[in-house]
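Shared chain: subunit A. Partners: subunit B in the first complex, subunit C in the second.
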Partner chain A sequence: MIDLLVIGAGLTGLTAAIRAAQAGLTVRVISQGVGSQLWGAGTIDLLGYLPDHTPVQMPLVAREQLPPEHPLRQVDAATIDKALASVQDWLAAEGFAYVGADQGANLWLPSAVGAKRPTYIAPSTQAAARLDDPAPLHIVGFDRLRDFYPTLLADNLRRQGHDARAHMLPLDLITQRHDANNVHLAQEFEEPARFDALVGSLRYVIKPGERIAFPAILGLAKHAQLVADLQSAIGAPIAEIPTLPPSVPGFRLHNALSHQLEKAGGRVETNMKPLEFGTEKSKSEKDNITWVATATSARPRRHYAHAYLLATGGFLGGGFNTDHTGRSWETVFNLSLTLPRHRDQWFRPEFLDPAGHALFQGGVQVNHAWQPVDAQGKLVYGNLWAAGNLLAHADAIRSRSHEALAIVTAAAAVEAILVQHQPAISAGSATSSRT
Partner chain B sequence: MHNISWESVEHTLDECIKCNICTAYCPVSAVTDRFPGPKYVGPQAQRFRDIGQHESPDASVDYCSGCRVCNDVCPTGVNIAEINARARAEIVDKRGISLRNRLLGRNETIGMLGNIAPTVANFALHNPLSRILAEKVMGIAKEAPLPRWSENGSLREWLQRTTRKRLRAPKKVVYFHGCATQYYEPFVGKAAIAVLEHHGYEVIVPPQNCCGLPMLSNGEFEAARGYHQRNVATLSSFARGGFPIIGTSTSCTLTLKEEAPELLDMRDEASEELVHGTWDIFEWLRELHEQGELRTDFRPLAMVLPYHAPCQQRAHRIGKPALEILDLIPELDLRESRARCCGIAGTYGYKTEKYQIAMDVGEELFSFVREQGPDLQYTACDSETCRWQLEHGTDIASRHPIEFLAAAYGLYDLDKRALL
Partner chain C sequence: MRQLQTEILVIGGGSTGTGVAWDAALRGFQTVLVEKRDLTHGTTGRYHGLVHSGGRYVVKDPRSAEECIQENRILRQTHTHCIEDTGGFFVVTPEDEGDYPDRFERACHDVGIPCSEISIAAALKQEPLLNPRTSRVFQLPDAAADSFLATHATAQAARQAGATLLIYHEVLDLLLQGAEGDRRVVGARVRDMTNGEEVMIHADMVINASGAWAGQIAKFAGVDVKIIPGKGVMIAMNHRIVNTVLNRCKMPADGDIIVPIHTVAVIGTTDEKVTDPERLRIEPWEVALMLEEGEKMVPGISRARVLRAWAGVRPLYQEGFSGESRDVTRALTLLDHRQRDAVSGFLTITGGKWTTFRLMAETTLDKACEQLGIRRPCTTATTPVPGIEQGHYWLGHRLHEVEEEHLQPELICECELVTRAMLEQAVQHNPTVTLDDLRRDVRLGMGPCQGGFCTYRAVCILHTLAQNAESPPPQASSPNERLDSAWEVAYLQSPAHNSKVPGKAPASTTSITSGETSTPIPSFDANLLLRDFLQERWKGLTPILWGQQLKQERLDELIYLSLLNVEHLPGEEATSPLTDFYRYNPQPEQFPVNPPEPTEESSHD
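Right, the complex of A and B next:
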């Protein structure tokens, strides 16, 4: 039996598993699919907007204005700093430098359409496009590359007062492929011939003092080296702007954290769809989870663990579901969600209503120890914890707090798990420890 | 004709959010333009494959190797590979099938014919002239790693010869050897039987057919149905009687458990009994281990061993039990491959137009193996065609994990591939 089963391989699940494994617990992560990193920009957002949509400059200060029940208010600033810094360290160990603005301020970076996007920590290549830097941005795109239009981007940036211009290169320069998937392009960019071709075509179009911003396809594992080489070959700072999915920075982030988990002794098993779970009465009169079964090609396979961390995310991650009657539920343990019972209360009439939608504000209610509780505030299972974007009161997309919410609550939940499950305790009781 | 059932995949189609993660991970579309990616030929094209549609809109689905990496990485649970397999079957249904693909689907018949005079058959198949001929006439790539018939007789012939030596015991299991073990690699079956007997189990080897996978992956669903029906008829009674049906060929066990009943929509009681009674051998050994009944009288195997869990093994969604069990062997330094696919994908890499794609796909695995050091003796993999491809791509001998386990119990000579 393992110490901890983590359900979900997004940022929450991976970072929780790394921490638990580093603390000496035996950990397995199960997930359906590779996790949602490839949907994101690969940045770590902490708090971009308050609930009234005021833009946030200093997230750790502005955090005090969040509603008291918000998950990010359940931890102190030092815990947040420490949790984020450790992730920065892991990524640095994998060759990916992640940087923030000075003195705890948000970074404002261009989105794929040239909107200002607040984030807290970003890959250094993305941070190189920060909009408080007056140096002009020269946006380079490729024809036939879908969903990245340098002219649109530059126009929108200029409209907001930033000096920017656009340049379109033929996609043939960096690939012979008929079709272009971002990840395939990034892979191909690691070939020296592609790199040389790009350098050759850019030398003559760059003006002194410009920053050159590319769609985020500049390599995968060799990204840092390629950017450094490109910078010295061209003689200008190189930046990346995240694309629509599949996101190459997200792919790098996912691979880097997966590798950190392997190094810590944990492992991820994908294509594991949870079907059912078993419970038993514990000493504290509270039910404990005894196993979670996942679908296989034949009979369900049971995963036995001492502790369980639910990190399946919200609707997009597959953690929640609803039906036409207005019923909503959490998909693994059938936990109740803090969502309005009636469907007509889920959404406001306007899609972009600044007040947001009730559907995205609901989620799993936890107690001070990050354990799910029912509507009466009573603990549901004695050995179940929850973290990340399934937590109630977060509304992470609207507040731009997705990644830090995942990392910080995962760290706090693992702290809480370690209070009850010290590595030494499980070593004696394991029936078959090698899993 | 035309009774391809779409029922079990239609509902997963609507889960696709078009995020292209499948294409980002697809090992085939990473190396060729001929396969635009799982999203395009799977859930996207499916919307145009309405019943009554004259032509399937996208013949490039034939370049799907069926490795199922897309299913594995899809965050929303779309059964993309199963959509593609059905789409290919519809094309075969409408346009017919080439002689080559018909032949490649008939692994059992080919095995049986060659076994009449294996030395002659090996010469006939493996001399350079006939390989050139096979390429020109049939479209079977002349470099492709085709197997050799066993020149010491088939597995069943060995079983007949050694019938009095076989263990009789109250604890019994059923062994499903599959065609490759029967005709090409009987030593894998011998190793498996020796390990099972070592644990005190009598091994029953009832009459059995090809599992039907080569036909399913070449789009011949109706012929595969016949094979599966016969397997259900002969094997389900054992399952009903509580005897586990254990296989060493991970693609065969996957077909018995899931691919055949799923693609052919065969969900009658007997088929379900076979589904629930079938085990991949290391899946079953892990159960034994978890109950504390796996013997651990191992001799050390001092070597570095790269292990690749093939696509069909990963499609079982049971983790990597071979890795867990082999890890118990003293001094065995296992290196886990995370390569997506060896490229061969059953019969895919045998085809002239797909041979190079398969080699390009496999490069990820071949380079992983090379990185593990210069003096490797072996690699390990649960699937026969993948082992042949691995040997072809690395020039290093490849073995089934059960051969290492048998060797660690002192029952088997890894080099000679023979029982001790």
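Right, the complex of A and C next:
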């Protein structure tokens, strides 16, 4: 018997597990795959646009303009700061510096198509391309690299008044592979010969004062060292711009947090699809979850824990499913969801409608202690908590809150777990050996 | 204003119009075709791809069935590479009672459609997902056609025979001569949608092959043609659930065909009278109905992943008809306006099926010859279009070529196996106003991710291509003037062939640097291409977003909103000729939660 079973290994699950483990709980993370950070930019977005489409400069201030039921309104600014700062600390301990703008402002960074994207905290290599810095951006791409194109990027930046130019290098410089994705390239880039070839081809084309921006493929674990070396070899600041998925910054983030979790004594077990769960009556009249079974190659395996944190994400993470009749369900505990009942109410006619689509506002409803409640507002299970992008009342992709929503609500949920159950859990974990 | 002189002017660039232009050019007529959008943008590009054996109509509409089987045989010879020889089953499910199967078998015999009953065991061996409670199965020579490729190949054949095809040219008016009662159509005033220029086209004979839009064109001549627009909804399953065309052996109704086409299987169709062929909405109940009907032939199909839904409009026509559109004849109709309305120099060809497009063209040109007083025989039935040496289409052809030629790193659309060279060739040799034009050329964005990855890549490649072009960029002049007949359109779907064509694209290994000071004017508005195509894909996704496809859509949102932030790119106000069309998807005035009461089968049919 462990203290806490976390279901889902995205940013929500990983950061929650680290916090709980650091607080002394025994923790296991089970997940079907890996989280959606492997698709994203690897930045930590807090709030980029308000529901009326207004760009946000100061997310912690603008947060007050979100609807009152929004998950980010359920925590105070200090908690948000603290939650994000601790993640920054863990990443720094793994050698990945994540930085923000001054005084709580958003950073505006170039996207792979040349739009200005708002984020709150970014890997320092991405922050090096910040658009409030007047130094010209020299954007380097590679021919045959499918997921990054410097020409349109630079043209769009120039259309918005930024000084930028594009430069294409042969992909052969960094790989001999016949067919390579971004993660393969990042691995290859860690080889010294590749590094030298790249430096040799760049040394004479850069101009004084320029920043050199690469697609985000500059190494995996050795990223920080490689960037420092590249910087001194070329003599110009080096920046990264995120590519189409798979996301190399996302891999770095995932690996770093997984490692932090291991150091704190927790672990992630993947390829664990939840199948069913058991319950029992508890003293508080609410049922408690007693076990969750997952698929393994041999037979279903039961995980016993005192507390359970659901961190499976929303539609993208696989936390919800729907069918053609308009039925929707939460995939592990069959919790009720706040989605519109009729399919014709799910979407707006325009994909890019700033208001977003009604369906994605729906999700799992929780009480003040981050415990799922039913449609009548009643607690569902006495020892179940939920956090992250499965929470109702936030379309975090539309508002650019995806990562911070995960980190902040995970921190708040772990706080709640510790407040309500720490003594009981500690007692339980001391007497049980079943795993 | 530009002036053009021709003998035959064809209006409409669907299968029929393109077929008419082909036939006319082969008969030696000077021919010009105008189409207001891309070739096959209308109904031709929105059908399920069934090459009818005639079995579907053999009981109800034997004349149409006869046309179908005759043309089915011809098209296998003239358009071989556009057709996959899937064969067809007509299956009697437990829902299909009565003596219809016996009548069906007799009628096939009478019309001359090869029809053999096979054992259920043999049928299940070929199609393991077929309903095992099926009681009888008939095998007929149905097939699947790639209507994009077939029309492009026909267009190339027409061009080789001397025809001029002007796409993105909208008819503003017809040129008329003479007084009421002795009127003559002598041409059309058209507008080039890409630059707004007007062109006067003078012609001896104007042929209206504009399908569901034929009534609007005829009105310019003061002629009343009542097209009955029959909306057909189709849904594409993410997998090729069957390899044989499945038909229910009963009177044609909704959702009773499943056609395997390329990598998907399409369930078709509904048939509903609509007022406007442009403003089509797909209701949730229509999708539900198709899945429920599909269940009867392939149990479990409604739980499989759906890729997309769309609607096309049949240009049905029946003089003096006022009933349900399902009941209108599928036979072709040629309206001789000289005889019918005392307007000479003007013919309207309508009705029919994709399968009978060649016959429609032949019938039309026979009448045109008669009216022009010239005797020239039709040769389309014995003249193959370019590309037939590739043989019948087969499912693995792209994968086979990609593997043989080691083209994996060139793939920019992994779902549909589109290589960069295919895209670059298509964009340099075919007029491209939107990425949707390239979808019709090379199937860009038609796979499971619905453009999630390839939209960004294609836009950037097009932009880079235009920037790098040493000669005038591809779109600098009117797109139609850049058509290059030396490049073989019939091969545009072949990865291997395209990798060998010496492209005009700059070698991709050269280092390029775009200017620092002056902003080069992009020949493509890349940001507009991006927004338009995302919206175009969205339009066909919303009716079927649930389950896995919804998860995929959410990933596309993560990519285009969170990662790329495309809704905050500069140039938000720019629009293309298609922007409004892609956006249109009004909310229903009153949403019917349930489908309309089912009507009696006899009246519905």
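In the analysis below, the second predicted complex is superposed on the first by the 421 of 435 C-alpha atoms of A that agree within 3 Å, B and C clash if a C-alpha of one lies under 4 Å from a C-alpha of the other, contacts with A are read in each partner's own complex, and residues count from 1 in each chain.
As a working rule, a contact is a pair of C-beta atoms (placed from the backbone, for glycine too) under 8 Å apart; a residue touches a chain by one contact, two chains touch by 3 or more.
Fair warning: this is a prediction, and the values are worked out from it, not measured in the lab.
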item: Touched partner set for A:297, first subunit B, second subunit C, both or neither; value: first
item: Touching partner for A:347 - first (subunit B), second (subunit C), both, neither; value: second
item: Partner chain in contact with A:155 - subunit B first, subunit C second, else both or neither; value: second
item: First (subunit B), second (subunit C), both or neither touched by A:284; value: neither
item: First, second, both or neither for A:184, with subunit B first and subunit C second; value: first
item: First, second, both or neither for A:376, with subunit B first and subunit C second; value: neither
item: Touched partner set for A:245, first subunit B, second subunit C, both or neither; value: both
item: First, second, both or neither for A:39, with subunit B first and subunit C second; value: both
item: Touched partner set for A:271, first subunit B, second subunit C, both or neither; value: first
item: Subunit A residues touched - subunit C or subunit B, whichever exceeds; value: C
item: Footprint overlap on subunit A, comparing subunit B with subunit C; value: 36, 39, 178-179, 245, 318
item: Residues on subunit C engaged by subunit A in the complex (per definition of touch); value: 283-284, 287-288, 291, 302-303, 306, 406, 408-412, 453, 456-457, 459-461, 463-464, 467, 508-516, 519-520, 522, 526-527, 530-531, 534-535, 537-538, 542, 544-547, 550-551, 554-555, 557-571, 583-588, 591, 593
item: Contact set on subunit A toward subunit B in their complex; value: 32-36, 38-39, 177-179, 181-184, 187, 245-246, 251, 269-273, 294-299, 301, 317-318, 431-432, 434-435
item: Complex contact set, residues of subunit A against subunit C; value: 36, 39-41, 45, 55, 111-117, 136, 143-144, 146-147, 149, 151-152, 154-156, 158-160, 163, 165-170, 178-180, 242, 244-245, 314-316, 318, 321-326, 342-344, 346-347, 349-352, 354, 359-360, 397-398, 400, 402
item: Interfacial residue positions of subunit B with respect to subunit A in the complex; value: 19-21, 23-25, 29-30, 33, 36-37, 71-77, 253-254, 257-258, 275-276, 278-279, 289-290, 292, 314-319, 324, 327-328
